[in-house]
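Below is one structure; the comments refer to it alone.
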Amino acid sequence: MRALVAFLPEIILGITLLFVVLAEITYHGERTRLTPLISLFGLAAAFLQILVVFYYGPTFVFEKVLAVDGLSLFFKLLFTVLGALAVISAVQAKEIARSMRTEYCALIVAACLAMCLAASSADLIVLFLSLLCVNIVFSVLAAYGKRSVLSIEAGIKYLMFSVVSVGFLLFGIALIFAATKELNIYEIHRVLLVQAIDPKGMLVIFSFFFLAIGFQMAAFPFYLWAPDVIEGAPTPVSSFIILGSRGVGFAVLLRFVLVLLSVPTETGEGIGPLRHYIGDFDWPQILAQLSGFSMLVGAFLALRQKGAKRMVGCLAVSQTGFFLMGPLVLDQQGVAALMYNLVIEVFTLTGIFFVLAVFYDEMRSDRLADFKGVLGKAVPECICLILFLLCLVGVPPLPGFIGKFALVGSAVQHGWTALAGLAIVSMGVSTAAVARLIYAMISDYRKPVDVRLEFGVRGRLFLFSLMMPLVLSGGFAENFFQWAGKHLGSILW
Amino acid sequence: MAYIPVLILLGLGLVVGGAVLVLTHLIGTGIPNKKKNLPFECGVPGMGDARHRISVRFYLVAILFLLFDVEAIFFFPWAVVFKKYLAINSFILLEMFFFVAILLVGYFYVLRKRALDWD
Amino acid sequence: MNNYFLSLMILLPLAGALFQMGFSKKMETAGLARWAAIVTSLGASIVGVLLVFSMDRQTPDLQFVETFSWVGSYAIRYELGLDGLNALLVLLVAVIFPVLIAAEWNQRIGPRGMHGLFLILQASFFGAAVAQDLFLLFFFWGMSAIPFYFLVGIWGGEGRESAAFRSIVASAIGNCLLFSALILVYYSADPHSFSIHELSGGKFSGKTVSILGRDFLVSMAAFFLVSVGLAFRAPVWPLHGWFSNVAKEAPPTVFVSLAAVTVPMAIYIFVRLSYSLFPEMLPGAENIIVIVGTANLVMGGIYAVAQKGLRLLLAFLCLSGVGLGLIGVGSLHSAGVVGAIFHLLVFGLGLCGFGLFTGLIAARAGHSMFLRDQNQRSFGGLATVAPLIAVVAGIVIASLLGVPGFGGFIGNSLVIIGSYSVHPLMVIIAGLALLLSTYFLFTMYRCVFLGEPNPALENFSDLTLREKVYFFPLVAGLVFAGVYPKPFLDLVRPTVLTLLSTVK
């Protein structure tokens, strides 16, 4: 019975999915307004249930197949909030036609369910299944703008990349299974403690796993899909894909790296600094190089882009490089900093893509050259977009800076000073890239563009509700770090 | 050592197949004729090349069959342990009802969206 | 005991900026919006001025300290305090920003935005001046870089895009370097801390950091990063390209806020950080600082001589001022350093006056080139048409030159007295460069004000009432500082003496 209570958020999401599908086949025409409400209701119920499960403490569910602990609960909260934001922003945008809205909500809830499963999976087969499900739903979502060539290209690209990467994941799983005869991550950990695999073998296994996870996260050699998919997919979908994909990637990477590759010390209230790596396999070196390359490549690519959505996609690649410093450091502070950054990024990127979606609806284009003088037309919304962009890049008064500082600081503390230097350089370069985007909006302020940019009360309210968490998280950063640290301590062993 | 027959089989296969090909090439007559090179369509005259598009409904039916067939496969392990668990609790029946209900919703979706209609 | 006046001083302009957004675009409320802007700006300035004047002149310690813990996990404290070093800068910011808002009273394009941005700048400069925690200092210092991008990009001239972009690139580079220094310092201190007074007094002697396998002294690396980072933002001679570009494109009031406030602030931060955190590096680095300062003074003078327009003249004048300040800072002599700080205040006021005067001329005549090709004058004899402007300009220029009776004289002479005993050669070169400034400033004055009145300038109006109101504090400040500098010098001296004692 306790297992069912711990699993209840996923059950709620599944039931919501069923109801949304039923709603889609029974309601036609104008009654489609109910479906987003149903999905929002389900997502909110799942969110509340996750908060309730926090108080039950960490458990294993279904014969140790799923691990419900602080890490997975945090990511589940993130994913349900993400789903709710995706549903709300799609309702306001014209890119998702009214008739397709119900199907879209069903896909969002399905993706959330799969992401929650992936975040809490402790068994490699469940991991594989849920990652594959996430990727398939995302590729369908990416191709959602059915008339647009770019959108179909985005969908096919995502499908191809994801299938190949999940195939490699399966290969890695097969190799680990052949080596250890176990499929559960924790059992594998115990076996490896007794007799570790040869470092060369571990290198192969790690690269296969990282191929899949790196694709999810848009990390260095596997980031090529990100700018194209972000540009091609309809704008509300872009934000969902980029955030959901990277969230899943980090959830899986954290659990994988924590359990399979390292032996942390267990202090009284949480994970202490790492002791040694299983089998003396020096994965932090690889991860550090990939992180550094991601940061630089993302920032320099963003500088050269001519389209707003592509630029934000490249900036997201650079962000991934930053966030990779979290698993690199892997003590309580580093992982808490990573989570703080992820939360900020959810609100930042959703806000950016929301405003860009309204621009796209009116101007039919997201090229920088078409943005001239938009500031004059919709002043508060443009200011919100500017603030979101600056927060993404990590410019001082905004909470993004505190998050970036926390990550860079943890890196320096553990001796990765060269990487911290690269991080600071990439922060500077991405500031310049964002300055180009902002300039496109503010130039020719005196001759505003001849379009009507209507945001409406609902749109403004939505933007405001996105700005509020940003402002608050700056002031309450300390509370967040302590909360994150306390709950990270409950990662299961 | 136990796999020597396989090797012999492989070798024989290669030899026989290769021999047939080579011998037909060397001994057979070689007068190509336009009518002799047409693809074989069971004796009736050919209807043109094979490049017309195949309707996507075949694919839909095949995929849907696959999904529901896999559902049917999942019945088997359940059926194996059904009797044992029925003695403890009737919850196992309910479990299968939930599973079928989820897939039934999917089936209704397919029906309503007319994915199985042939026209 | 925490009193909250310093936070009030910082928060009032921010609240004013937010409040500006509440006003709609209609013309009826536009007037109300600008009154709200100037009231909030004046309010914060009055708080600042009152705090400075009620400071205790005898102690070198921090006064009006507010401190509470902000992000405990990283030992970041919200700590503010006034002492001798930043009191004069608070005065500078307090005087300049209401004057700037009053100068931009009749802005037609996006007035609420411009006033809001000025208010944000005022808040961030107040914050950067009084912050006593490194993270908080960087927070406000970084915040002050952003509004310039918008101010130049929206209200600038023809080449504003590239000017704004260059300014943001230079600021980003400077901020990144400063940020690296910050992190280095934080993680080398044991226990980790950001608070300036906890880190001061040579805590880093002997500590090394290893980058890519090679070891560097923490103090040396951090000092280098701090200097270069600040050199990007307060333009020091080789890195000043963006600054002259912005001078050409930005509206004069915006450029005043850049030259008259950012530059002194950068030098103040340099003094605060190097004297408090890296005192053991200073005796070794003082020669470099003085050489760089002299180079700035000389190059600024040389560039200014060749100028035909008021805007670029202002830019290179600023460069010379930076040079003089650096000479004073590098002298490591009490008179020199006190003189440098005083010079920052007076020079800022003088530059503000000069910049506003440039704006006046540009607004009335449409351009600010005082010499055309073949050295033909475009203005001339303005002294007969607009005598008040001539007087004001004359006072400002006299102060900038260091004529006795105005503030510039006190600053210049203190710096020279302080440095002569330590670096006599540099002081001689500096003196010659000051002669250069006499030449170009007098030439400019002659071309614009003296001589036969130019017939094209018949309806060149004299100062309006609003302009008189906002020039008054500048001129009065310069005269007062020149005639009775004692209160200011007494404020600065105890802190400077304490800091210098840690250096020796």
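When the chains are written out, they are named A, B and C in that same order, and each has its own residue count from 1.
One rule holds for everything that comes next: a contact is a pair of C-beta atoms (placed from the backbone, for glycine too) under 8 Å apart; a residue touches a chain by one contact, two chains touch by 3 or more.
Keep in mind the model is a prediction, meaning the values are calculated, not measured.
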Would you mind naming the chains that touch chain A and likewise touch chain C?
none
Relative to chain A, chain with the most remote C-alpha centre:
C
Report the inter-centroid distance (CA atoms only) between chain A and chain C in whole Å.
43
Expressed in whole Å, how far the mean CA point of chain B lies from that of chain C is 79
Could you give the separation in Å between the centres of chain A and chain B, each centre being the mean of its C-alpha atoms?
38
Any idea which chain C residues touch chain A in the complex?
21, 69-74, 109-110, 113, 124, 135, 138-143, 146, 149-150, 153-154, 161, 164-165, 168-169, 172-173, 175-176, 179-180, 183-184, 186-187, 209-212
In the complex formed with chain B, which residues of chain A make contact?
14, 18, 21-22, 24-25
Which bits of chain A are touching chain C when the two form their complex?
333, 336, 375, 379-380, 383, 390, 395-397, 401-402, 405-406, 408-409, 412-413, 415, 417-418, 420-421, 424-425, 427-428, 431-432, 435-436, 438-439, 442-443, 445-446, 477-478, 481-482, 485
Of all residues in chain B, which touch chain A in the complex?
101-102, 105-106, 108-109, 112-113
